[in-house]
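In the two complexes that follow, chain A is the common piece, with chain B as its partner first and chain C second.
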Partner chain A sequence: MKQNLYKYILGIADNSLILGQRLGELTGHGPSLETDIACTNISLDFFGQVRSYYQYAAKIAGDKRTEDDIAMLRKEREYVNVLLVEQPNTNFAYTIARQFLFDVYHFLFLTELEKSKDLTLSAIATKSLKEVSYHQRFSTDWLKRLGDGTAESKEKMQEAIDGLWTYTDELFHQTEADKAMVLEGIGVDVTKLKEAYYKKVDEVLSEATLETPESKWFQKGGKQGIHTEHLGYLLSDLQYMQRTYPNMEW
Partner chain B sequence: MSKNWPLWEVFVRSKNGLEHRHCGSLHAADEDMALENARDVYTRRSEGVSIWVVESKNITASNPENNGEMFEPAHDKVYRHPTFYDLPDEVKHM
Partner chain C sequence: MTTTEQNIESILIPILEKVSDPEIPVLSIMDMGVVRSAVIENNSVKVQITPTYSGCPAMDVIGDDIKAALKIAGYDSEIELILAPAWTTDWITPRGRKALEDYGIAAPLTAEADKDVLLNGKRLVKCTNCGSTNTRLVSQFGSTACKAQFQCDDCQEPFDYFKCLK
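What follows is the complex of A and B.
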């Protein structure tokens, strides 16, 4: 089995899975009917993407595990998503900030992944890019709307950006599997996306009349399976059905 | 929150060549948000290739109380339907 490729795919897929689950929590709880549906649409885009990734990972693994086993039955420490995507829906400003900070990265990442020598990953990237372009448009519009809105919305939006800022740098960390995949022309060198990312984020924040945080102290660990306390609760929701009724199907 | 947002009417064209059809309404703060909300609420099952939104207050509607004088006079004027012509057999799809 191609161990590095397998790990590399999980590194991409877990981000989408966990963020998709977070957005899915808003089903029926969004601030308005329209934003509720928008967030769950985005969630479903992510779940569509992760199916392609996990199906591919299951094929690479070559054992009896299916896409569902890989998605649903790992332990917390075996998930390698970045810390940013597991942060809770504290309020709508946090939901938008988390989405925006991830979307800008995700778009840059997929644009590069499209050039991968691995044709499956390249094809998934092409398909996902249209969805992610819309995600970015949605979160950017809301960021500007709330940042440049009322005094209260501006304060909340700034607080959310400040609160999540510490999780942005991890997006550009490389694991050993990442480095190996870059050498093979399959993976994306995320360190090269960093400059474009912070430039874009800074542009949008200033358009939204918000301050770009100056803190240089960043959290990390997600890519090594060391998570914030929030992931365990999320997984207990996500995995409940499969753990309680093993092998159940719809 | 949405209580403060105005109401918009949404028209979706399902295919090129067909007309935009009214499919519902939604709340939004302005036209950009209305368009995005319409995309999310009314085209998520591939219903459309084009969307129009118009703020509901800009639509002038007939008053149902006047339905008698507005519409009943047409009921007994069947000759306004083009059904009194003999069509040649060659003409299809009429």
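What follows is the complex of A and C.
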């Protein structure tokens, strides 16, 4: 039970950590001042959420591990985030598409996690939900603005949605830890979120005058630690200081 | 755990009122509503604080500042960060709202009006400079996670609006 709960928490937290790091890369590099501030503010929310999750995970592990060890000192294969969140900031359309495709899931997920029998997870969910509803608002607005914008912005937005679509199905795959936690009344049955997710995504895409991709070929592996090539580079950035100067603090 | 009532011993209130939010120095943490309880046990104070936003970088500083203020008053203390019940802008006191406005930050509207402003572009936020509501949203995110950026179309003043969080 303890081991499963630990793994279950990482399954949620790693998504926030990796997406937070991706958004953080845009600090000072956003396409405009407002979007730069927005992406980094959203990143900050994710890091706040991640700290709550990892602190709890460290407590459950019950050994010398700290929240920082969990965040900084695992190897690539030990991260269990979905492939979607590790995809690069190819251009602003990709950043928005990735955010939107994750936010819709994240909102549905946290709404269910709020009902968890685990009081800590439920409290984190309630707290995060307020922030995530605002993230979803931001990414949805931009998706519509770019989709229903100029010919060029529409083309780029469609290309980003098409490019990332293959990573959406993995959000609804259950791991062994997931199944165990659902049985305990602690975890969320993600398979049950799938229908609502694609319905919502389809609605917004059509409002944004974009096509919902028809492809049924989906990538998977992140939840088992098998990642795309992009994660290694991201982790080398994320972990550089801790690996070079072990235990450094400031 | 789930009570929204504060439990703060009256003798500690003047001490805690001297601690301010490092990002909004005119606002005391008491007026911000982030202190949920403060209880003295054997000359040591147990303080529970709750973050405005999960990633609020001010929380560590607030914790340290509370410890320092209590130390001066002769108490050791222990700070605990709690998440439930989640903080809401309703916990900002009327005095806190006034301090925000005086500082140039528009205080949060009601949840409904907030939605109208942020989603539907309605002009309801009062300019902190001239008081006009002829103001528009410039950016959904502002200088910190809890604020959005606005501009007044009458006096042209750019200002922060403290978003409603329920």
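The criterion applied here is as follows: the second predicted complex is superposed on the first by the 249 of 250 C-alpha atoms of A that agree within 3 Å, B and C clash if a C-alpha of one lies under 4 Å from a C-alpha of the other, contacts with A are read in each partner's own complex, and residues count from 1 in each chain.
The rule is simple: contacts are C-beta pairs under 8 Å (C-beta built on N, C-alpha and C of every residue); 3 or more make two chains touch, one makes a residue touch a chain.
Every value quoted in this text rests on a predicted model; they were computed, and no experiment measured them.
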{"item": "Chain C versus chain B on the shared chain A, clash or fit after superposition", "value": "clash"}
{"item": "First (chain B), second (chain C), both or neither touched by A:R145", "value": "first"}
{"item": "Touched partner set for A:K127, first chain B, second chain C, both or neither", "value": "second"}
{"item": "Partner chain in contact with A:I37 - chain B first, chain C second, else both or neither", "value": "both"}
{"item": "Intersection of chain A interface sets (partners chain B, chain C)", "value": "33-34, 37-38, 41, 137-138, 141"}
{"item": "Chain B residues touching chain A - in the complex, by the definition given at the top", "value": "1-2, 5, 26-29, 32-33, 36-37, 40-41, 44"}
{"item": "Complex interface listing, chain A residues touching chain B", "value": "31-35, 37-38, 41, 137-138, 141, 145"}
{"item": "Residue numbers on chain C that touch chain A, as the complex places them", "value": "1, 51, 53-57, 82-86, 118-119, 138-145, 149, 163, 165-166"}
{"item": "Sites on chain A touched by chain C in the complex", "value": "33-34, 37-38, 41-42, 44-49, 51-52, 119-120, 122-124, 126-128, 130-131, 134, 137-138, 141"}
